[in-house]
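Just so it is clear, A, B and C label the chains in written order, and each chain counts residues from 1 on its own.
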């Protein structure tokens, strides 16, 4: 993996949090993203230095609301959560123990905390139900393309009948039994990351990974009150997508091997961490790995504005979204499509059908508008 | 997305300017629409932060909740919104017309109906949530709200439900109305940003649409059209202002929150009216008035229900309600698609491309052709049309035509570029076709396999006969003295 | 005066948009210096505002006499009422509901540190200290406060202790309401609400069963003192239900607590017993 370190430059790899890992599955066909993520490169810093800062931000109100709701669910030894688990999973009354794996005193390293988590989970997996029920703030670990990422979920793992479940607390509301579908999907993707990490941990400890349930408990405020309500969400599909993407990333070697020797995305930071690499130089380097821009990137990838600009300068039809590309039968550039439409370009083999349609559309457009 | 719409986007990229997708306007535009721009506090389901509303571009009303987490202030906001919206709605209930119906009692229908225009789809969803969070409130007892609040809630719910109905113009999202008529050189995802969409369609002088759209993505230049606010604005401007208000509760601090949100709303307010102006400049398609009639009838019916003291709309549809609603929507969608095609050659072109419609010249006509003998003899005028469109229609397919809206024809056969069809409806009842009902040789005609005929509603059981497999009859709504899970708004 | 306020607001607005520009451009240093300037302008604005519109000190006359006590004494009162370690939020809620107190969360943040400093300067000089609850690792538990005069067994937290202490809290709050002369429905609404919130999470304690949010709450007339949104639980029922669940956990919890307390006695010196040991030193001792 030296080559990946070389690509990144002399900075530590950027740890992936669950949100970032869940986002890896968003655009699996993009080599640029696969390489940068596998090398643990800070894409936000890269985009900013390129002059295309990412358009993301989170409102302090949303952050506060999330924290307040989580605290409410967890206060008094997860009293609210126990009520919910007793209701939806029939958790027996005697199983009420709560262990905060994050509350170890001092400010120990992630590694130390992870081994604490492992030790307690190992004990929990060996012993019967009275060993422990709720485990808050487990510090989990996931290997991504050879790099270890520590995940510090604000989730609770809980155990019942020998099986572990992940509890994900989210502050978006469920109103009359419905929540915004994209928020539920994002929560499921994120929970899948934790399920996978917990399974890996159990497997390393010699336990059956299937003891971590693919049903996660999603806790959200109900209606317009703050009262928590729980739903079981099956994340099997998300797990499959995630596994596939992680496997791809370990195979990123093939892409990396094909890169120009000496290519690096090093920002050449000065003593204060400010990047000093000439922008044009960095731009060339980033362009050295092909991207697959799609408008969906605008909500998931830090490099989106850079790649969009690149797609625009190349006149790529990717710019217009998948629907348009599908309607164009995969014609790659605007100029090519327009050339086929006005007949100035002879269609290549296999393009006859779309060329005919485009010419017809062009004729009709001229005829009626 | 049709190839035609895709081509329009390519042309927009190429020219840097939005391209027309319609030659006429397909949505009703009221003479006095109400523009409403709601803002929500980030992270909350339905906590309003502010709104700008009004029917006069020169006199927007600004509503502000200086502390959106304060329940009383939120309901005060709802009461204030009611003060703007309810007089507008009630004013439109006064003038009615009598509608005669064949075989049924005549009924009264309002001559006009409210039209509320919000910036985007998320604002429509927010209107629905605001309706949900206010319509069950009560004007007496503990936690009483102003009596106008539950009424507002029902109207907002009514509007949000109409917005799901294809072709309804009671509650419009500006981005959707504009996207129906123009294609930009960006993706549909980016079109959801009103400022960027308007940049393509109506760029400021000296700028291409593409440039204007890029500039419009800077939230400092063009604040988002809501309901979500810019996170940078939230942390740098709004949070300190709300904190100052929470600490002092002074008018001055409230005004500071007000000015902060005003700065976010005013640019969108101007954009909204520009959008209204651009839509208004398009001539209305012929089907628009009929669809608006549907909105007026629905408005009249709901106003009557409200006056009779009916219960608030339920939280969820029962099984029969949901099924019949779905069937109604599907029919409305098919009929809306057909009407737009018949109203607009540019929309029809999309159907011609897929082979469901064609345009051509009449090569031969046999207006007196008949089938059957004696009493069974039926007039069936024959036409042969030459077309270069890629027709994909099976023999026997029913066709309509924009030139003669009541008429129906049937495909007889298609050979090469020649389509033979027979007219089966709308040529008069005599032995010969009524004058003008059969196209003459040399006439340009268009036929399409799109019907916007009235179809009788699907036969579904009455709600009280809902089978147990579908949850059984829905419980009657018994208004609870308290609906406790509602007590906290957010 | 208002002119200068207007000027200041103008400047504040300009600064804010410059900051947002700088933040978007990731010019951290510039954003920081602009922020500093902004804070200055905001302070000036606050001062100008105070001069402009002298806010009468409304809070003072309304405040209940209890709040004249120092914060640590108010916290002590609340903890004594509960008799178990509690988080700041619970202390504030209990004090507000049962003592009509007006503690605020932020007042509690530095409390434990101040107490520790005082103890280390002159140990046992005060009759009591507000100290930490100890975790299984013998470190200070995040966020829980306890009283130094309590036996160690009460101040340590085993896996079942959060639940046991929660149930005890509910019992104490309910008993407090039972001791009031008036019927429960006449108790201060804050107290009712607190009890209702606690009861929701105890099987059989909420009037109409748990898990049915507010079901049946409508049955009672909205008489004075009834808190809408919550069914007002009967304190006696809460006590009974909480005791029933408590009986299930009590033995296991007591055993675990005794074991931890024993370890704490063996390994910790006085200040650590009150304020927690550092985990690293413990880890070494464990090894």
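Note that a contact is a pair of C-beta atoms (placed from the backbone, for glycine too) under 8 Å apart; a residue touches a chain by one contact, two chains touch by 3 or more.
Since the model is a prediction, treat every value here as computed from it, not as a measurement.
Using the mean of the Cα atoms as each chain's centre, the chain most removed from chain B is C. With centres taken as mean C-alpha coordinates, the chain found closest to the middle of all protein C-alpha atoms is A. Centroids of chain B and chain C (each the mean of its C-alpha atoms) stand 50 Å apart.
With each centre defined as the average position of its C-alpha atoms, the distance from chain A to chain B rounds to 35 Å.
With touch defined as above, residues shared between interfaces to two or more other chains in chain A number as follows: 222, 225, 227.
Counting partner chains per residue, chain B shows two or more touched chains at residues 232, 484-485, 487-488. For chain C, residues touching at least two other chains, in rising order: 24, 213, 229.
Interface of chain B with chain A (complex): residues 1-11, 13-14, 20, 23, 41-46, 129, 132-133, 185-190, 217, 229-232, 234-235, 238-239, 315-316, 345-346, 348-349, 352-353, 389-390, 484-490.
Chain A meets chain C in the complex at residues 48, 53, 71, 75-80, 82-83, 86-87, 93-94, 96-100, 102-106, 108, 112, 130, 132-133, 222, 225, 227. The residues of chain A lying in touch with chain B in their complex are 55, 57-66, 171-173, 175-177, 221-227, 295-296, 298, 315, 317, 319-321, 323-324, 326-328, 334-335, 337-338, 341, 356-358, 360-362, 364-365, 367-369. Residue ranges of chain B in contact with chain C, taken from their complex: 141-143, 220, 232-233, 236-237, 240, 244, 248, 250, 252, 256, 259, 263, 480-485, 487-488. For chain C in complex with chain A, the touching residues are 24-26, 87, 89-90, 135-142, 158-163, 165-166, 169, 198, 200-201, 203, 210-211, 213, 229, 245, 248-249, 252, 276-280, 282-283.
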